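What follows is chain A paired twice: with chain B in the first complex and chain C in the second.
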Partner chain A sequence: MKGFKPSAPFLLLLPAIIVLAAVVVLPLILSLYSSFTPFRLTRPETFFVFVGFRNYLSILSNADFWWAFGRTVLLLTIALNLEMLLGLGLAMLVEKATRGQRVLRTLMMFPMMFSPILVGFQFKFMFNDNIGLVNNALQSLGITQDAIPWLIEGHLAFIAISIAEIWSSTSIFAILILAGLLAMPKEPIEAARVDGCTPWQTFRYVTWPFVMPFAYIAMTIRSLDVARAYDIVKIMTDGGPAGRTELLWTLVGRTAYSDARMGLANAMAYFSILLSIAFTVYFYNKLAAARAQIGAEW
Partner chain B sequence: MMDENASARLTRRTLTVAHRVGLFLAMLVICLPGIWIVLSSLRPTVEIMAKPPVWIPQQLSFDAYVAMFSGIGKGGIPVLDYFRNSLIISVTSTVIAVAIGMAGGYAFARYRFRGKSGMFLGLMLTRTVPGIALSLPLFFLYVRLGIIDTHIGMILAYVALNVPFTIWLIDGFFRQVPKDLAEAAQIDGCTRWQAFWQVEFPLARPGIASAAIFAFLTCWNEFALASQLTRSVNSKTLPVGLLDYTAEFTIDWRGMCALAVVMIIPALTLTYIVQKHLVGGLTSGAVKG
Partner chain C sequence: MATVSLKNLTKRYGNIAIVHGIDLEIADREFIALVGPSGCGKSTTLRMIAGLEDISGGTIDIGGRMVNDLPPRSRNISMVFQSYALYPHMTVRENLGFSLKIAGAAKDDMDRRVAEASAILGLDELLERRPSQLSGGQRQRVAMGRAIVRDPDVFLFDEPLSNLDAKLRTQMRTEIKKLHAKVKSTVIYVTHDQVEAMTLADRIVIMRSGYIEQVGTPDEVFSRPATRFVAGFIGSPPMNLHEATVSDGKLVFGSGDSLPLPGQFKSKTAAGDKVVFGIRPDDFFPTGHGLSSGGDTEVHRLELPVSITEPLGNETLVFAEFNGTDWVSRMLNPKPLKAGDRIGMSFDLSRAHLFSAETGKSLRV
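This part shows the complex of A and B:
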């Protein structure tokens, strides 16, 4: 195997490389180039005008862009942390269940099957100020008389979007953490209990380190498609009211297709790509570290 | 002594009850939105719009589904065309992505080569590019090549979207197949090619099937790329079609709910089939790696 025979794995990977080069890498190079031009879809000749970093400079001084950027990071921070926490809680609830675990596990996966666009739609429906389930319930229970304008007021809309996002992705964490809990040997827990650990200590120093790699797998998978929030926002508020829920991705879409300013949009898109890559590399490294740490015991 | 026993019993009982209640509430939150959608698709619009709300449905019917599938639905939304497009695009791109993914996954699971982990990370990074960011240059290229709003264009894009993750999953499944088996077969006179198809492939098949289903679902659910690269009934898929409903001034909630149910049923069935293998593949590929 040591001999000079690089051809087999290379040949096997070749189709994947070709497809990805043609459909992802090449277009990205093209968009990198066009981010240095004032390219507008309506005026093709502008594709060949080179303006250097002008698009990037105009982004830097664009308040809308920075609001969208900050909002995106805020949404991701809130959503990922809560998803991790709720996923852990859900996994532990299901793991403790003595009966019907199979049914519970299937139910738990339910939100994963919903496409983001469907998640957005169903929460748009439920948060509708007039006929939505949430307001109907609140009013029937007598908690409030007024219709709460969930998707019409900026802050409430952001909360509604966060809830939709968390609802849809908590199950990924729950499933993988549950897999970790089930794969965990029982002896260390018993040993900890015999040694007089409190339940909290047992969890913190025995269970959690074991389950952590599984949580990072979930994080890595999630960070691969953080941009799915685009679909949810697009259908729930479309960035409204008055740009109050605009995320990086919806802003890119609007600049490119509604305003037809492709060059500028591509420059923005590069920010969003860098954000995604940063997330993925960060969690991938965490995963590798957690894996190495636990490696001794496997 | 008695007191201690009694209080311990009480604590345990309280904990059991709390656990039951917590579990019930969690499952309620998870299931309620879906149940509500199904219910709303079966109720007449008057009931959905009623103020004060009608909680217990008075009459249920399949009218919304009948209307949707009898040609042009309400508001002129051709659901059948969208359904056909979704099916063609998803199935074709899944088949291609799995073929490519099997080759790539096998390479990662069975060979050692220079830059392997860098290569793996590189593949994953291509997947991180947000759909909307990728759609800008693809849109431009597709217009130039004349494949905008065609099945071919969408299939190409979805194959690229699925290849990295398919490789990750299939890599994990091939790792679960012991290396010795294929080596034994080779010693017995099989070529590597034969050993693969007769020993390793059958063992990894359930895993590969779940990778395929996962790829299918990704295509079936994808929206960001589809919303920009499709324009008409030629290639619009169901998720884009759902947005058609919201573009109208009066939203047909019942019709949308019915379309949502139509979209979710294939996904529900398929995910149920693969759930076990999916978790196994993800964790084995990533933890023991």
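This part shows the complex of A and C:
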């Protein structure tokens, strides 16, 4: 070992490097490799058969995969937009409160305190066509006599899942936008009022540009969240009926563990990450533009 | 352009009154300064005129129209804020044109008016910049430009120069004065700086604790302060104010020192009255170094010890000890003095002030 003398910083960091390599880098390399093999959990020897891009090519022509992909994008679009609108509304209402704002802010965070699995169970119960709260309420109010098959019909199931998703995560938007509202200086709003703005114009031209960066931060966080949505769907419909609510990660999970086709599942997973990266890049660009626009110094 | 009239204007937060029913008539094209220490209600009054604060009682008329319940946008006013309150996401041009855009003005009309305002304030070079790229003085000019563009009935200024450094403040003060000469509109200007009020305003409104102490021209509030508070507030360095008792044609101070009772107050006081004697540093000066020659006026001379001097170049502030405390005097054509020197001091009693110790009101009437 003559001549090799690792520097002190390297030696000190070595334990961390080893741990990271063991739990992050190695699995990443292994999973990436396995996406180029026909690896099945039931046939370990297939791990060593290299098939190049065959898994990726088969994904491209796999209709189930593209449906799941499209559904995930759709859920993302619907959930993010509605959460944004509702969160903005909530934040503006809470900001108006002159008393008890602290309590309201805490209350607003409640949905975030529940495990998504429990949220899934709760909404699964509420949307149950026989004993569920929703149908019960609709029938008691005389709106309908039928038992609406919320979790059984494909479109309704998608709506039910969206509602659960939105209920559990609107507060992320609300809290971030509220932070923006509280941080913004009040004088430009007063200036706008004197300048002749109606309340709507004040919001449109002054408040909204201020709050936009905060909304984009929430969008970035939530786009990653929804793009890997799994738990709520798994509990409420498990991708059913007949794959009508299958999302990317429920499909990946099913392919990997139920079908035991780990190689193919890994290829799907790597492909899906592209979606998340694309959304992150998109919202980061939006965020940077919005920040530059208000001359933000943070 | 318009008159502004406040009648019994009151502002209360819960049970606490901030503005106690003030009355004020402001003429068309008049430049009015509201001045007073912080917490005197001057900004609240301005914000009520703007419509940014609700009115608890009384009325506000602008141009003969009662505006109590109108939102700010319907009052045809412009306001310049202390913090400038520019829209950070808009360029200077967009900031200037914003109110016109909201009002739905035609593009060429908007361009013309923005160009006019920009020319008046010298903003042509800055039109494409954002507020974050401007210095404090430039931001202030943009804020004024935004006010001019609207061509409002009334301009409201809320301590517009407070965030600027001393040099820039003096410069902008001159610009505001020129601006008013050019646009000739009614201006209500809030400041805590009496120099700004004196230099800019046609009339000054001095407020304290939610009441108006005095309304008058700069000369009136300076030469004939209505109350002890006004006397102490207006003028720099401030007027010497000391409590005394009237006794046998004399004013006897706490320490036993005394001065003759000024002639003009002889008929207005009686022996035993508790009063506050006031004399400006200009009227209390080292003999031979004052404004008045002292020949024909009522001058009282005393020899007093100097406790400290503050040379200012063209003049020196001399603090002379009388009645156990320092009285400030203004020495013109200064000559060197040092602490402990005894010098002859002149009191021009014809220009002195007396206030009731009880009510603080001037006894001059």
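Note that in this section the second predicted complex is superposed on the first by the 268 of 298 C-alpha atoms of A that agree within 3 Å, B and C clash if a C-alpha of one lies under 4 Å from a C-alpha of the other, contacts with A are read in each partner's own complex, and residues count from 1 in each chain.
Just so we're on the same page, a residue touches a chain if its C-beta (ideal position, glycine included) is under 8 Å from a C-beta of that chain, and two chains touch if they have at least 3 such contacts.
Quantities reported herein were computed from a predicted structural model and do not represent experimental measurements.
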Touching partner for A:G70 - first (chain B), second (chain C), both, neither: neither
When both partners are placed on the shared chain, which of chain B and chain C touches more of chain A: B
Partner chain(s) touched by A:P185 [first = chain B, second = chain C, both, neither]: second
Chain B versus chain C as contact partner of A:P209, first or second or both or neither: second
Touching partner for A:V194 - first (chain B), second (chain C), both, neither: second
Common ground on chain A, meaning residues reached by chain C in one complex and by chain B in the other: 294
Touching residues (chain side chain A, partner chain C) in the complex: 185, 187-188, 190-198, 201, 205-206, 209-210, 293-295, 297
Touch list for chain B against partner chain A, complex: 19, 22-23, 26-27, 29-34, 36-37, 40, 48-49, 51-53, 55, 99-101, 103-104, 106-108, 111-114, 119, 121, 123-141, 156-157, 159-160, 163-165, 167, 217, 220-224, 227-228, 239, 242-243, 246, 253, 256-257, 260, 263-264, 267-268, 271-272, 275, 279-280, 282-283, 286-289
Residue ranges of chain C touching chain A (in the complex, touch as defined): 50-52, 71-73, 77-79, 81, 83-89, 98-99, 102-103, 130-132, 146, 150, 156
Contact set on chain A toward chain B in their complex: 1, 6, 8-10, 12-13, 15-16, 19-20, 22-25, 27-28, 30-31, 34, 41, 89-90, 93-94, 96-97, 104-118, 121-126, 130-131, 133, 136, 139-140, 167, 171, 175-176, 179-180, 183, 213-214, 217, 220-221, 223-227, 230-231, 234-235, 249-250, 252-253, 256-257, 262, 265-266, 269-270, 272-273, 276-277, 279-281, 284, 287, 291, 294, 298
